């Protein structure tokens, strides 16, 4: 069961989920369960590092959390503190080399680091460090943080860490493990979520609260943007390593990434999703017989749409749950095979019906086009597509796997043209105002760069250029490329 | 991704799915896709046999269809005709030994056989055959059919087959492959489904129509009870090997087994499921704020319930899609861990709400009890459970994996007592009349033995006794026991 | 580490090894060790069946004994009696289907059977049985024995077994397990070895005595040709199921098959091998500087040759011990790659030397030709090949994997022509008289059919014909063909 | 097939083998074959890095060369230049983390490094580097070399490399790959071998010449101690980065490590080994009937002994070739099981014989003791053990896996006491003079520290202390410990 975890492939993908435990005799097991609940944030590799205060024991491997961490593996990860990471990676780096947590020794001692997010000035910092004699063993932007940490003359690890973090720019929700403590850190803008929880006398940290639910931990609060929380024998300590900055929470966490049962940026995700559907119904009603969700990504918004519009909801697209890594396709190729293998329309529900098809977002549009065609072939008289966010026009550089700008159908086509491409009777996107309202964004504290092309940080232009010039990438990313047969 | 494919474990499970193709250059590949679409009917082992008219090439293995049939394996399964089988098995037989299709040579030549269903007089026939010198290599009831076939003095394979089938009693939807033809056969009562389809000039046969959709084949009709259809170079031939008997289609196919996008016994499953929910709402309304389905088994009925009652539907139980084979549980055990690892309640939707929780059936009741408890802990004020079929009181002997009679909560508890056990505010089961109406059973042609304890065939008493006396089982089932480490 | 276990591929290969234990609390573990010591007799699949007197638990798989029988697997194979089998198979049947022991139920009860040897009238008997309604699930000749057993009207299992065995012709060293006893049986001519041993109060049976050494068991005696030994709670019972026949022990067991540390047919193998080399030196001396064995098959004879001739022995061909399943060969192909990957000549020992190269036998001659070429390229001035048995002229039908007659270089070339083909300075084969003397064959009790083409049984002509007509084979062997990717 | 590659476990083990190719279109495939031939120098993990001048593609994994480098993996390792490494590791580091080649980027660009040997001042250098802000990701001593390289202000890579190497002390035979060139470097004392070869227009480098034989390359010469050879489009360039030092070639390469068909330090290994046996016979004759080698390590010396003494050689200890990773031992334990599973004495050759048993070395003595006991139990009247080198008294710090000083039986027992421990009739070790003469050490240029305790480098005392204080090790080695289940 690799690849697609929700409906079809045409979605942005989050790069990572992180989890940490301090003060529990089974820290690694709880971390394993936390990662399991965060599996949707990264399905390619996973790692756990645990300590009993002396050694740092680790296991990292390609694959699913539940496959990687077997009983014999877990039995070696002893100790009262642990951190874990689950990860998606971009095409070129599908390798164990970059699997996290990253573990290093330096003059600051032994440490392990797991990172959700993406630094936008990593290449600049890296070149500077290399010029001064640092060597790099991964292509991960995370590695620059530990180099900066090692370079700091500051003897206090916390001070050195703060000093290092002030030199990087971008998105980072970090958990770090040393022999003595767990550190939980969130960048000053707070792009990606990071939550603090409590399980009896132990402390837990995780990307989403759904991980707390599984282990029975209680949600305490978010790690604040710019905050460094240290969990150790001395209890919980908090400090801010950065002056306050304008918050730019990732709005897409509410639209798609986060699990619907999580509370993210202080707001229940499911509540946002239903409201996205309700406002979509108000903005873009349609004269139709049934509302059909694209499973599973469009389900919550479709329910909201149906409730608001009064048009009955029907589960007329059935998702196949047994998707394997690869599929052998007959040579006499089956039309729309890639979508059919995941979704099947229910003829008895669609025949002679006018359909409102609801999904959360459209990235390239190719999958939606096939779904629309399948629905017509199954007898739908009309297909009205409704999308619970605005058109995506620009890539993300803050830890999300997105295609290049020119692959985004919203970046170069008007809504009318997209409707033609999809072959729909009508197409409606939720407005920016609607989306913001649905996520309760009264204070405009969300990052909406993928909808607007306006990025909250510098250095992004460089990345957009780099995207154009493949040569740029060679030096770092592709140079390490380890295209192992089974993962390609 | 082993084990549970829908919601939780507390369900009956179908034993098998079958598929066959005749007259297509990529017969095995289409069979592979057909089995993939039928994966929900058996997730433990799968097999395909293909022929180009001379040899019968096969591959059988434990595991999922998409994992077993890799490119190199498929490249060996050449030919224009093929049959396939996907299988669930009961606890004691988790072994490749009984994996199907069964392949044998005899005086009738080479043949491969795949069977969905269960014979109720298999042991009696087997003893008779053994007394006459037959030897058995599996514990499968299917093996008696090929022995009877070999014993027949009739030189015509069809006649011999008919002669053999008239000696067995029970449920069998069979596909058989010889060098020359594919046979599709359904028992005279028609317990299990079996459908005929067409793909250009090729013929296909499958347990459910959802398998036809994936490969783009057209549904033609059901194989009729008591019918033997032969697909060969001579085209399609049909014959009845048995005088007409009262039909007893398995009603549970509509309640739970079949995929919602299939057409079974000539009726769309999704239509039945929504109607089960609608009639449930009429029979057992509740004063509540939201309708919540137990995913995924209760979803269709919950939608029907919500539409009929006007109470809004909320997806307040989230299913985890990454369930692995085994889970490592912390020693400081987490309450209701087994359910939590699959389902998580959404607090923001449940808090201070009166909930109608809808599922398709209750077998032991243990899982539902845990779900109810989780919903209360997530803040639900009241939990009203509604079940879209009557209480199950008796096991099935026609090809379904059911627990023993005494494990069925409905066999020894009144509805009131079950409600107490579950800890609900109210409990409502759909009536027998409601269920029959929902599946359009005007002609009373369904088997409802699991709800009534009245079985349409003889020999069942023997099985009920056998269930009580473990000793009986030793000789056949356990004697072969192959408790291989990784599958137990 | 698959495939070749001794020197190169150009050798006959034994099909199987068998082992059995009765009366030991760890019967399956001892059987596992016994099979491990017999691994050279079959490296493709292995199986063990064990009983505690009630059930027959088994595990069979493709691969090496030490890989197949892991701790969890072994923990399920409980009981005081067990039998095991390790197996090589011919190209077409590389499948688990035919893996032994064969396990069946019949009117004679549950039984498991493991067979070393080959029946020459299996097809005739099989056709007769099929005509009477028996069905076959394997292509193994062993299956006819259990059918004959089931057909017998005799109520005594021993009598029925004797009756069955009297209907088959050929080579069989069998071990059989029932709930009550272990049976050890050897065909009346005694083609293949079978030995009885004792470990404290337990009895063991094995193909070779080297298996007894590993577990610390004591060699008692051979199972005699035509003898059936029954090991049970009642102790050891012996009976002869056949009138005495002329013994025809396989002489090739002494030439090559058996492990040198075994005692076979009452004679230490190593003693025979050294004597083969000594007599070879007397018959075919050569004016040379060094004697070089082809490792490992020619080592014992080379030592004998060196001792007898006084020419010093040098290990000038080094064998690579890390041979894997497959090798990736550069496209710019390396000359004699397949041999080079296994053997490397030692230039410092060969340079300017006249070499006597000793091997045990030559089958096709292709490997030896490459070795000779490599030795010349490493500087040898002259290469005199000496072979410790006569030319092989005819295939074996008694349980040995041999190529067809026309592939045997000795079947159609004179010694002079073979010498030319090999490119040697001289070629000497041990004479028939020499070979017989070396194995102490005073009573002419050995089968030498592969050297003479004179077979001790009927039915062999049919097989030689069958070899010519590929069509014959289709029906049984190829029809079942299961060319699984990883084993091809 | 893990673990022991020669006879039993009681041997020193070499840590690594290296190989490199420049200027061949199938550089990685040749490297793979080279590593395959060097498998005896490290059987735990292997890695290859290849380049076409732009990217560095790599694959590293635990396991055997022939298992790791499958066709799909090889197809990704394109280019005309490649380096490879095969590795053994000490107990605590059995992990992929330290697998080589090590790949890094720095201000000197992309590079990959593979190292055979061990630095004795690695910890001192590492501490100094860490103090200056370097971070370490492995516990390998090799990593300090690349840090020193990155720290060098010298813009020429060669100059920087030379500068780095002058700061380290110990044994290193290195191959390095950049986008432009392959570097082959040997430490100024020349502890470990490194050879240069030619294949048509391509250049190859390898630890031993046996790797050249397999690919058909021609041996050119040794890389000289203190030499850096650069293979690039510009041809072969050679330079010395260090002033001349006294050579200290590892004498144990001739005694045991190297393959007998290799030419090492300019001398054929097989020639040395036979001479070791001949001189042993002269120094320690014995009145006995047969000479028996301990296979395979003692074979060459035993042949020399037999030739010199005139006592006939007999292969009376048979080695089992199918040794698996782990063995399941019966609970009723079998005496000397660990040795029996690998070696079996041949009773027919030993009975009533006085035996001279020859092996190359004795480390702990425990295995030899068991072999001696087995030989007596097989009937030997007397057992005289002869060892083809002096007693080992001190560990090696130059890249060999040796036990601690106190585990070496020669470090604390006199020969007489060792003989008592082994239970032999007599025990003879070759003298230091004999050993030197056998390897043609006229110029005293070999390191014999393991026989004398006199080390040619500084820093060794620190290591001997470290061995005593376990605490020292924690910080680096154990801290990273990754005790993965399957490798422990």
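Each chain carries a letter (A, B, C and D) given by its place in the written order, and its residues are counted from 1.
In this section, a residue touches a chain if its C-beta (ideal position, glycine included) is under 8 Å from a C-beta of that chain, and two chains touch if they have at least 3 such contacts.
Model, not experiment: these values are computed from the prediction.
A.B. asks: Quick one: which chain's Cα centre is the longest way from chain D's?
C.D. replies: B
A.B. asks: Please tell me the distance, in whole Å, between the geometric centres of chain B and chain D computed from their C-alpha atoms.
C.D. replies: 59
A.B. asks: At what distance in angstrom does the C-alpha mean of chain B lie from that of chain A?
C.D. replies: About 37 Å separates the centre of chain A from that of chain B.
A.B. asks: Need the CA-centroid distance for the pair chain B / chain C, whole Å please.
C.D. replies: Centre-to-centre distance between chain B and chain C: 47 Å.
A.B. asks: Mind pulling the chain B residues that touch 2 or more other chains?
C.D. replies: 70 - these are the residues of chain B that touch more than one other chain.
A.B. asks: Which word fits the touch map of the chains here: line, ring, star, complete or other?
C.D. replies: If you draw each chain as a dot and join those that touch, you get a single closed ring.
A.B. asks: Looking at the complex, which residues from chain C come into contact with chain B?
C.D. replies: Residues 54-59, 70, 72-73, 75-76, 96-97, 102-107, 110, 130-137, 146-147, 149-152, 474-476, 478-486 of chain C touch chain B in their complex.
A.B. asks: Write out the stretch or stretches of chain C touching chain D in their complex.
C.D. replies: Spelled out, the residues of chain C in touch with chain D are 1, 5, 25-26, 29-30, 32-33, 36-37, 39-40, 43, 64-67, 69-71, 74, 210, 213-216, 259-261, 263, 268, 270-271, 274, 296, 299-300, 303, 306-307, 312-316, 318, 320-332, 334-335, 340-341, 344-349.
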